[in-house]
Every structure is written in C-alpha cells, then in structure tokens.
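So the structure is just underneath, and the comments pick up after that.
Order of writing sets the chain letters: A, B, C, D, E, F, G, H, I and J. Residues in each chain are counted from 1.
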Amino acid sequence: MSLATLDVSQHPNLPQSSATLFAAKAQKKVTFEEIAKVVGRDEVAVAALFYGQAKASPEDIKNLSEYFGIEHATLEQQLGGFPDRGKSVEWPPKEPLIYRLMEIVQNYGYAYKAILNEKFGDGIMSAIAFSTHVEKEVDKDGVTWVNIKLRGKWLPFTRF
Amino acid sequence: MSLATLDVSQHPNLPQSSATLFAAKAQKKVTFEEIAKVVGRDEVAVAALFYGQAKASPEDIKNLSEYFGIEHATLEQQLGGFPDRGKSVEWPPKEPLIYRLMEIVQNYGYAYKAILNEKFGDGIMSAIAFSTHVEKEVDKDGVTWVNIKLRGKWLPFTRF
Amino acid sequence: MSLATLDVSQHPNLPQSSATLFAAKAQKKVTFEEIAKVVGRDEVAVAALFYGQAKASPEDIKNLSEYFGIEHATLEQQLGGFPDRGKSVEWPPKEPLIYRLMEIVQNYGYAYKAILNEKFGDGIMSAIAFSTHVEKEVDKDGVTWVNIKLRGKWLPFTRF
Amino acid sequence: MSLATLDVSQHPNLPQSSATLFAAKAQKKVTFEEIAKVVGRDEVAVAALFYGQAKASPEDIKNLSEYFGIEHATLEQQLGGFPDRGKSVEWPPKEPLIYRLMEIVQNYGYAYKAILNEKFGDGIMSAIAFSTHVEKEVDKDGVTWVNIKLRGKWLPFTRF
Amino acid sequence: MSLATLDVSQHPNLPQSSATLFAAKAQKKVTFEEIAKVVGRDEVAVAALFYGQAKASPEDIKNLSEYFGIEHATLEQQLGGFPDRGKSVEWPPKEPLIYRLMEIVQNYGYAYKAILNEKFGDGIMSAIAFSTHVEKEVDKDGVTWVNIKLRGKWLPFTRF
Amino acid sequence: MSLATLDVSQHPNLPQSSATLFAAKAQKKVTFEEIAKVVGRDEVAVAALFYGQAKASPEDIKNLSEYFGIEHATLEQQLGGFPDRGKSVEWPPKEPLIYRLMEIVQNYGYAYKAILNEKFGDGIMSAIAFSTHVEKEVDKDGVTWVNIKLRGKWLPFTRF
Amino acid sequence: MSLATLDVSQHPNLPQSSATLFAAKAQKKVTFEEIAKVVGRDEVAVAALFYGQAKASPEDIKNLSEYFGIEHATLEQQLGGFPDRGKSVEWPPKEPLIYRLMEIVQNYGYAYKAILNEKFGDGIMSAIAFSTHVEKEVDKDGVTWVNIKLRGKWLPFTRF
Amino acid sequence: MSLATLDVSQHPNLPQSSATLFAAKAQKKVTFEEIAKVVGRDEVAVAALFYGQAKASPEDIKNLSEYFGIEHATLEQQLGGFPDRGKSVEWPPKEPLIYRLMEIVQNYGYAYKAILNEKFGDGIMSAIAFSTHVEKEVDKDGVTWVNIKLRGKWLPFTRF
Amino acid sequence: MSLATLDVSQHPNLPQSSATLFAAKAQKKVTFEEIAKVVGRDEVAVAALFYGQAKASPEDIKNLSEYFGIEHATLEQQLGGFPDRGKSVEWPPKEPLIYRLMEIVQNYGYAYKAILNEKFGDGIMSAIAFSTHVEKEVDKDGVTWVNIKLRGKWLPFTRF
Amino acid sequence: MSLATLDVSQHPNLPQSSATLFAAKAQKKVTFEEIAKVVGRDEVAVAALFYGQAKASPEDIKNLSEYFGIEHATLEQQLGGFPDRGKSVEWPPKEPLIYRLMEIVQNYGYAYKAILNEKFGDGIMSAIAFSTHVEKEVDKDGVTWVNIKLRGKWLPFTRF
C-alpha cells in the first residue's frame, strides 16, 4: 500500500511544518489513519493539519513530537501559530480528485441552497463550526464507494 | 415559512424548464420536500432538476406535469433533452451559502485526497456515479446542524 | 439633496424586487433613512434589501407595501423567497466607493487576522451572524468622517 | 495562548522587515497588543506594519529596535522606506477570516454606497485618511463578538 | 469634423441618461467643447457626465435640458441620482486610446510612486478630490501633441 | 525625510540593475530629484530607469557609475540592453497610489477618448513619444496638490 | 464560393453599422475585394470598417450608401462617429484562425522585440500609423500560402 | 548601438539554453543579424531560438558552439531537445512592443478572417508551417517604417 | 431514448442556424446518427455543424433543407457563411462531460507532446486537417466504453 | 533523432522524480518507446509518469531503477507516493501542440456531448477509467497523420 507523501517542489507555499511532518511520516511509513489514533483526532483533520489547514493544539504538538521523534521546540515553533489557510489548493483545482469535489458544489450548489433555505430558513452551513469524516463502503455487489460526511452548524443571517 | 423561488432576471442562462417549474412551484406553494415525495427522488435531486442540473425521466416529467398541471407536451419539450450542466452557479461563487461549500473543498481538498489515496489507492470519488442527501439535526443543546452526505463510487485510475 | 436610485440597465441581474422598490422610492422621493424608520431596521439593512442582499420578513413586505402603495401580492411574490446574494457588485469592483472598502480588506486583511487570532484564537468573524451600522461624524475642525461599524459573532474552528 | 507568527515560505513577497520583525516577536513571545503599547499605536496598525502595509516613523523604528533588541541600522534599512502595499493578501483571498471581510463588502457594497451617498453626497470614504480599531465583546449571554470600527474621511468628488 | 457618438449596442450597461444625452448631442451636432461652455464645466467632466461617470448638479440638469430641449423631468429622473461609476470601460481595455493611458500607469506606476513618496511622504494622489484637463499643442515643427493634466489632492496615510 | 527604496523580495522579477541602483541610492542617501540633476533627465524618467522601465544612454550609465561609484563595466552590462518593460507593476495593481492612477483611466477613459477624438480626429495619444512631469503645489489654503502632466504625440490612424 | 457574413446573435456588442453593412453585403452577394474597389481602400481596411474597427470617411459613407442602396442619413448616423475599437474579438480568442495569429505573437514576441530593438533602437512598431495587406500565393508545388504584411511606423521612446 | 540582452531574473522560466546563449552573445557583442549569417537562418528564427521558441538542428548547435566558443556537449544537452514553447511572453503582454503586435490581432482579427475566408475558403493560416521576416524601410520623407511579413500555409478544415 | 436538444436561453451566442436546426431536429425527433446518414458526414461533424462549429457545403444545406422541410433560402442565409468557431463552449468548461475531455489534455498534454515529438519530430497535430469519430464498445464483461478517435495531419515546424 | 527532455527551470513545480527520470533518460539517450517496452506500459503512460501524472507501481519503480541505474531507495522515495496531478500544463496552454488538443475540445465539445448523450444516455466518458494510445500513420500519398485513441468507461449519472 502506498502512503500519501509531499513533494515540496510541487507545493512551495506550504508552511515549513508541512515539510517537517510529511518527511517524518515518510520515514516512519505510517498512514494518516495511524497518526490520527495517536493524535486522537479525525484523520481528515490530521491530514489538514499536515497541509497547514488546521490548528495544532499544544497536546497535538507534544503527541506528534513524541510519535515522530521530532524535537519539540522545532515543531512548536513551526506549528504553534495560527494556520494561514488557503495556500494548499490552487484554484480552480486541476487535481482530478479535488476537482470532482468542486464539481459537486458547481452542479448542486443551488440545489443545496434551495433545500437548506426551505429546511432551515435564510442562512448558511458553517465551514468553521464544521467537521467532516470519510468512510469506505463496499456494497453487496463488491463495488467500492466513498462516503464523505459534512456537518456544519446552521448560521441564520442576523436581522438588523 | 418561505419557499425557494427563482428570479429569472438573476439567472438568464438557466433552461426554460427552470422558469416553468419554479413558477409552478411558487403558484402551488410547495416545498422541494413535498415535490420529492411526488417524484420519488431525493429532494436535492429534485432541486437540481429544477435548476437544470439533473435529468428528468419520462416518469418524472409525467409526475411533474400532473402534479403542477403543466401541459405534458410543454414539459416534455423543455425537460426531455439532456441537462447542459454548469450554467447555474457563477464561478467562483459569490453566494455565501455556496461559497462555504466551495471553501470546504479549498481547505480540505488535499486532506481528502491524502485520506482517500491511503484508503482506496490512486483514483477519485466519482461526481457522476454519485448521490447526496441533506439532513437537519438539532443536538441536545438545541443547536441546529446541517448534515450533508456525499456518496460517490470509487474510480481507480486505469493502469495502461 | 439627491437620492440613491437604481438604473436597471446598469444592473440587469438584480432581482425584480429591486426595480420595483427603487422605482417606488424614486416616486415617493424618500431616503433610506426614512424607509428604515418605517421598516424598523437599520438603513444599511434596508438598502441591502433593496439590492436583493437581505431577506424581507412578512412584516417588512407588509410595511413596504403599505408605505409605497405597492400591491401586497406583487411584493410578496418578488420578495417572499430567499435572497440570491452576490449579484449586485461586480468583482473586483470598479466603483470607487466600493473599491476603497475592498482596499481596506486588501491592506489590513492579515493585520485583522493576526489581531483577531491573538485576541480570540483560531476562528473567524462571521459575516452572517453579523450587523453593520454607518454614522456621520463632523469633528471639531469641521472635517466630515464616515464611521462604519462591523459586528460579527466570533466562530472558533471546531476541533475534530 | 498562541501568538500570530509568519511562515516566510507562505509569504515569499513580503518585505525583509516582515521576516525580521516576526522572528523577533516569536522569540520574545509577545502579542501585538503588547507591542502596540510599546510603539504607542493601535494594534491593527502595528500588525499592518509587520506585514509591510504601514509606514514606520523614525520613532517606531527606534522603539521596535530597542524593544526587540534588533540592531537599529538593520531595522532602519529595512523599514526606513515607503511601504509597497498590496503584497500581503492574494486576491481574491482564500483565507477564511479575510474572505469573510471581503464578503461583507461584496454583500453590502451597494448598500453602503446608497447610504453614504444619501448622507454625505457624491464621494467616497477614504481608505488613506483612515483608521481602524478592533474590540472584543462578550454579550450578556456569554456570546463573543468581534467589533471592527472603520473611520475614514469623507472625500467629495471635486466638481470641475 | 466628426463628433463623438454613442452606439448603445456597444455599451449595454451605461445608464439611460447616456443614451438620452448622446442622442440629443448627435441631433444637435455639437461638440463637448460647445456643451462644456453651456454647462460651465470642463469638457472632460461633461463627457464623463455623458458616460455616467460624473454627478450632474440640479443646475447642470436644467442647463442640459434647456440646451438640448429634453424634458426636464425626464433628465432629472435619469440624472438626478448618484453616478454608479466604473461601468463604461471594460477592463483591461482593448480600446487603443484608452489602453495607452493605462499603459502609462503600467510603465510609470512605481516611478510616480517613488517620486511622489519622496516629494510628499507616505500617501496617495486622490482620484476623487481631482480634476483633469486636456489641451492641444502644435509645436514649432508642426507636430501635434496632447497634453493631459491631472491634479489631485495629496492624501497622507493617517498614522494610527 | 524618507527615501524611496527597493525591497528585492517584493520585486523578484525586476532586472538586476534595479537591485544595483537602489542599493547604491540607499547607501548614498539621495533622492531621485538629486539623481535627476546628475543625469540631466526628469526625475520620473530616472525613477523609471531604476525600475527597469526606461532606456539608459551610454552617458546615463557613465554618470550613474561615477556618481554612485559603481564599476562602469557592471552597470553597462546590467543597463546596456533594452528595457523589458511591464515587469514592475502587477496588474491590476493593489498598491493604493498606483491603483488611483489606474482608476482615473477607468473613470475618465471614454471621456478622454471623446474629447481627444473631437479635438484631434481618429487616433491615440502616444505612450512612447511621450513625457511626463510631476509637480507639487500648495494652494492658498495650504492644501497640497499633486500635478501630473502627460504629454504625448498625437498619432492619427493611418487610412489604408 | 461562400461569402463572409455576420450573425448578430454571435456578436451582440458590435455597432449597429455592422448589422446594416453585413446585411447589405449578404443581399448584394459581394466580396470584400469587390467592395474594396468601390471604396478605394484595402480589403482588410474595409472588413475592419464593417466590424467597427476602422473609421469611415464621409466619402466612404457616400460610396457605401450608393453602392448598397442604404439611405445616406442612416449610414451617416451609424458610421459618422469614431470607432470604439476592441469589441469584435473576445480575448483570448477561441476562433482558430484568429488564435493562430495571436499565437505567432506569443511565440515570436520577444524575437520580434530583440530584432527590432537591434535594428531600430528602443521603441515600438506603431499599430496606429499602420497598414496591413493580405495576399494569396500558390507556390510551384501547388501549395497555397497566405502572406500578411504588417507595416507600421517606428516610434522611438522619447528621452525625457 | 545597443544589443538585445537577457536578464534572467526577469525571465525565470526560460530554458537554460537562453541564459547560455544570451551570455555568450553579450560577451561577443554581436547582433542577431550577425549570428543569423553564421547560422544561416532568418534573424527572427535565431532570436526565437535564443528565447527557446524554435528548434535547433544539430548543425545549428555545432555552428553556435563554434562561433561562441561554448562547449559542444553543453549546448547539445541544453538545445538538443524539443522547444517547450509559450514560456517567454506573459499573456496578455505588458511589454509595449509586444502588446502592439497583439493589438493588431485584436483590432483586425475578424477582418483577416473575413478576407481569408473569402479568398481561401474555410480554414486557417498555419502558425507552424510558417515563416516570418522583418525589414527596415526609410521612406522618401525620411520616416522609418517596420515591415513584418508573415507567411503561413493555408490549411483548409477537413470535411468529415 | 432521449434526443440532444438545444435550449437557446442557455446558449445566447450560438448562430441563428443552431436554433433553426435544433428546433427542426426536435420536431422530427431524429438522432444525429440518422441525420448523419442523410448528410453523408460523420455524426460528430453534423453535431458540430448544428452548434455552428463546422462549415456546411451547398449540398449539406440542400440535404438538410429537404430532410427537415426548412425553406432553402432561410437555411442558406443562415448556414451559407463561414463558421465563427469558439462560441459554443464557455472556457474553462463547467459541463462535466466536456470538462473530462479537457482534463485528459491537462493530464496527458506533455505526455502527448513528448511522444509525438519523439515519433514525428518538432511539430503539432493539426486540429484543422483533422477528423474525429466516436464509437461505442461493450466489452466481454458487459462494461460500456467510449472510444474517441482523433486523426490529425502532422505539421512540422518550418525551419526558416 | 532528438529526444524529449525536461528543462527544470521551465517546470519548477514538477515533482523531483521528473528531474531524476528525465536526467537519466537524457544520459541513457532512450526514447519513451524504448522505456515503455522495459516498463511494459503504453508509452503515453510512461511519459505521463515522467511528468508526474501517473502512478508508478512497485514493479515500475524496480524496472526503472534497474534500467537507468538509479538507486532504488531514491526512486521509491520520489515515486512511491500518489501523483499530485495537474501541475505539468499551465492552463490555458500556450504550448502550440497542447493548445491544439485543447482546441479540439473547445470546438467539438458540445458535438461530443450530443453524440455521446444520444448513444449512451446521460453521463460522461471517464478520464480515470481511461487509457489512450498514439499511432503514426503515413497514408498512400505519403502524408503523415497522428492518430490518438481515447478510451474511457461510460459513467451514467446516478439517479437519486
């Protein structure tokens, strides 16, 4: 089984922590699923953290430092700030897997809006008070499916 | 409770069927949830059909025609072809609800890719062999959450 | 004193309600400040409503209908749905007044982020659970200043 | 509490002073609020200065040099010129916190214009003769709010 | 001598006043120079007014109405509001004359900035507290030159 | 008084001569006005030369070499070719001072065209057979104004 | 042999004269070569005039009016002003023939610049003091070639 | 007379051969016209080769190697592959000389198409089976003109 | 089985012939495969002709006129000119089927270039001297495959 | 015969494996056709692998390592992860060979869609469950043609 890796020359604008963490992951040859258990977070969140898109708590830094044998001070210095999100994916994406996720939004965007408006009123689903989870499913015909769950707080527009 | 409507002047490039169907919906004052029961499809699929983003089967056309009292020939002429998808959402979207869905892809795009690659190998989640469903959740603290489920077939890249 | 008006040929993609309301406003020769008192909302919210960027409550529709002498059914049909936001301002804006607001975000964007992160943690200021208010100030030297207040709920990123 | 930091690999086009100042800030482990007291300026202005978006006075340079123990000549050479603004935020922004500020302008741009025109006449709010301030508010229900104040000189279009 | 005219099919998003005024100008066969004398404003300002880029005073409306024999109420309704600037020139411009003006900014932008910063400090030349004037020059060799004068108030960045 | 400087990390695509010249200028602590006297050219032209937007004559190279004590061969190698214009300003510009110059073209572009066409016929003002000059003005009320003069040869479209 | 025609629905932003002239051309079934003889101009210039990209002289209007039997007043009203160039070709062009012309500039742009700079000095080839001509060539092997000649005045950059 | 040179910091994405060749050219102080004689190709082709936009034959490599005293193996390694065209000119071009060439295509694109269609039928002028040549002309009034000849094979669209 | 149709409101910039032909096709309820037999051309070519992307010969016009019962003069007037290609697909495409074709070029573009260069030398595959054909394949496992064949003339770059 | 090579300065964002593999290929002086035989894959797939657009199996890595004499550990580290597709071709492409492939999609996109919809129903041709093959053809007149075959699984839109 192959592991997700990072080629820094393809992502020159990711934070230094991304290079550090992916190098450690490659050396230890572990999956995000395994790391997620160590950190106690969802694997998508852990991958996002590796790509500089999620905040590491002091506990996360400690766990990752110990697990990978990275000097704590180094990791703290690289991961201790606030994520500067939005620098991982070029937009619009040319990566086929990411494109299809975007295409779902392109095709069903107004359908989601119509359904959510009728069900919840005038507002949005938060992408901040938000979590997501991925599951693998093999149906009875042996076909493999991806299930992605998005769960976001409903935020009604304030009337003012 | 308000209903989702369509203002044609805001969407000059939607198909004629969109105008026809939304006008009928506004007149009958029904939600997509109610229409979905009549058509026997998920409400997101029905809303997508109204926005010209999903194919109507002959049965769908018959059901919609009868339910809304739209002449069958008219609806068949407008809905009988193949959807010309991608004309509903301007891109990048400025609509706040749709933007946040896109932002989830922007922020978690590579995290999803890494997780899916490690779980499934080299491939993509199909946006075609795909379904989606929306659910409302009120948690024990009375907070309202949106749950969106995306389910797509896993397509491995062909080795050639 | 001049009044804010709408020239539909300059804004072909605004909802029909915008044309209806601005025409009524021009005929009655009233400012947004005056309308705001009738509707009982902030004048920025009322102007946003006129531009199709805010939701009208049933009460708003009733008040506007009576105040302007617009048939209630017409206004309800045009304003009863959910706003399809994002169709008023072309982006990036060429309008000088709007550009300068955008420029403030361009120049101070990361400064705001740094300050807010240090004061509140990892999160965002909501643009949905949000209100805004404009005030005129003439200082002791007779210089006129604009004060714009933005008040948004702080939303911390969910840890997952 | 985490501190705002700068990862130079994410911001290759900021001035050298940004790297110098953020490195010193990280080493001394101080917030912008603390630095602002030393410099005697608003914390947003100080953060903007760190991001190369505001001018440092000779006094600022002296204060920062002493406070952080950076050689005065170095800081003067890096901060002594005029800011070359606009190189901090990619545009349109993908950073969620910054995006929402932009979204406020997108959604309320014409509403602000209409209100300001009716209150002040034909002109703009200056983004140059301008100051801004951020405040934290916890309301009686314990909900946290961000308050951003924008104060700009009103500039009427010259009639010629 | 040819006159500047407006072909509405080329400029569908100009205000209605543009069509009205240019039609009247074409019928009366007058230059902007002549109109400028009637209105008592610079001819560039008058042309800008015709393109919907400058505010008309009540006096301007009265003068234009009388001069062109346009019904006062019509012109007041079309010109009485505030200009919604930025809808005349597509950007970047493909029109050769306008492109060259933009090219001057592209080529000399930082040179102007450097000179103005050294002469005036940290600030900008206002495009609002601004006037401009065009003059024709034929030099001693019979060569024809255009002279454009830009005069804008210097606005220093506020220190805060 | 501050001096205009160049931070190479903000302008990675300027020619090497820009780095050389700005470093020398910073070291000698001179304004463009002073350099202009040495070179015998307008200060805007000199600044443009520093930004790689104007051609240096052999005499210019000699003068600059002597004045700044830069080895003649080095400067000749860096400045002896032809300018590769257009690499200084990102477009559209986010720098506020440069943006306002562009905004003048956006707002008054067609007004200039109309006036120039009526005064000169069908053609353009050259940006090549062109010079520009900046002057500071303090009016009788003590208000500071920038005056920018643009002088370009009129080029009529060839009839063929 | 087919004739070049104009389908207005494909070019909604061309001037009215384009519709008028192309309709007359289609009715009279004549080529641009034939029209060029009547007007006494190069056929490329005449086609450019039909597309609203070249100025018609009073004589041109008279000739075209007589030749096509279009009322003189109509044609004068539509063609009497100054061309508003740049509205015929969307940019970048998707039309294959036009794309290839653009590609020549993309591929050989810097080669032309280098050659012209060495042959003529620092300047440009004017696109205004400019003419162009097309010729058909069949070589000795029976292969058909297009020859396009571009002739533009050399404009040296003014030293100032 | 100045020579065309290359500043690598302005063109970071040109092939290594460009740096090698331009450095040799600068050292030997020769024009493209002189090099063209050595290589036996048109000077535009040679300049294109220097910019990585044309293929070098083994003979070209040998000639250039000998003429400039560049080690043959080095040049062969750098020039022996196939050009990866399109990386020299940013698009749209801001360089004034290149812009004007593009502007000719913008202004006369459809005129060329109409003329070529009527003269040759449905097809395009090839930019591949293509050559170009530049000539200097001084007319009887002493005015200097550039003549650029484009010669491309006519390719009719295949009927299928 | 559904038929491909055209909704003009989704494609406002197609030629009039597209509306005429698709309306006739919808009324006669025929597939492109059937029409292709009548016209004697490949079905892709016929569909391209319906979308205004291929030239109709006089024979095609006659055949289509007779087959669909469209007045010959009407069809000749609409189809007799030269296609103005490139107005059918917005770019980049949001239509999922068309996007995937583009994605193949994005992913395999340089692979094709490398293979073609090594097999054929320096040149391109013509998109003009070009034909294409689509075939349906059901493999032994009952899986359905699309086969698209692209056949283009190899055009070597001219050495000059 | 020339070989396809990679100039890293032209492709700074390709993965490290691209530099490694292309350097080895240049040194060994082999074509993709020869490498393809060693790897046992189609030559387009091999070229795609070199450009970081296809996954290498452990067997591929072993074969390439042995064939080129690259240390296995190095190649495994560089090629062992999942391709991060979409970083090879800038978009839209300026490379002429790649552009023409894109142009085929631009011109025939809706024609393909119409034909595929009528032949297969509502769905897409997969670019993932996909293979492609290139063949050289010399016809009886000695003309050289490229044949590109695209074979993708048909994916019907799921009805939900």
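The working rule: a contact is a pair of C-beta atoms (placed from the backbone, for glycine too) under 8 Å apart; a residue touches a chain by one contact, two chains touch by 3 or more.
The shown structure was predicted, so the numbers you read here are calculated from the model rather than taken from an experiment.
Engineer: Quick one: which chain's Cα centre is the longest way from chain D's?
Structural biologist: I
Engineer: Using residue numbers, check each pair in D-E, E-H or H-J against A-D and return the one sharing over half of the contact pairs.
Structural biologist: H-J
Engineer: As a test of understanding: of all chains, whose mean C-alpha position lies farthest from that of chain F?
Structural biologist: B
Engineer: Is the contact between chain E and chain H built from the same residue numbers on each copy (over half shared) or from different ones (under half shared)?
Structural biologist: The interface is built from the same residue numbers on each side, given that over half of them are used by both copies.
Engineer: When the C-alpha atoms of chain H and chain I are each averaged to a single point, how far apart are the two points in Å?
Structural biologist: Taking the mean C-alpha position of each chain, the two centres sit 34 Å apart.
Engineer: Which integer distance in Å separates the CA centroid of chain G from that of chain J?
Structural biologist: Inter-chain centre distance comes to 41 Å.
Engineer: Would you mind listing the residues of chain J that make contact with two or more other chains?
Structural biologist: 2-4, 12, 44-45, 55, 82, 85-86, 89, 91-96, 99, 103, 106-107, 113, 117, 122-124, 126-128, 130, 132, in rising order.
Engineer: Linking chains that touch, what shape results: line, ring, star, complete or other?
Structural biologist: Basically it's none of the tidy shapes, so other.
Engineer: Show me, using the given definition of touch, all chain pairs that touch one another.
Structural biologist: Taking the chains two at a time, the touching pairs are A-B, A-C, A-D, A-I, A-J, B-C, B-D, B-I, B-J, C-D, C-E, C-F, D-E, D-F, E-F, E-G, E-H, F-G, F-H, G-H, G-I, G-J, H-I, H-J, I-J.
Engineer: In the complex formed with chain I, which residues of chain J make contact?
Structural biologist: Spelled out, the residues of chain J in touch with chain I are 1-4, 31-33, 43-45, 47-48, 50-51, 53, 85-86, 88-89, 91-93, 95-98, 100-127, 130, 132, 134, 136-137, 143-154.
Engineer: Note which residues of chain C are touching chain F in the complex, please.
Structural biologist: It is residues 92, 94, 96, 99, 103, 106-107 of chain C that touch chain F.
Engineer: How about chain C: which of its residues touch chain B in the complex?
Structural biologist: So the residues of chain C touching chain B come out as 12-17, 52, 55, 77-78, 80-82, 84-87, 89, 91, 127-128.
Engineer: Considering only the defined contacts, which chain G positions touch chain F in the complex?
Structural biologist: 41-42, 44-45, 54-55, 57, 82-83, 113, 117, 122-124, 126, 128-133, 155-160
Engineer: Can you name the residues of chain E that touch chain G in the complex?
Structural biologist: Going by the criterion above, the answer is residues 2-7, 9-12, 26, 90, 93-96.
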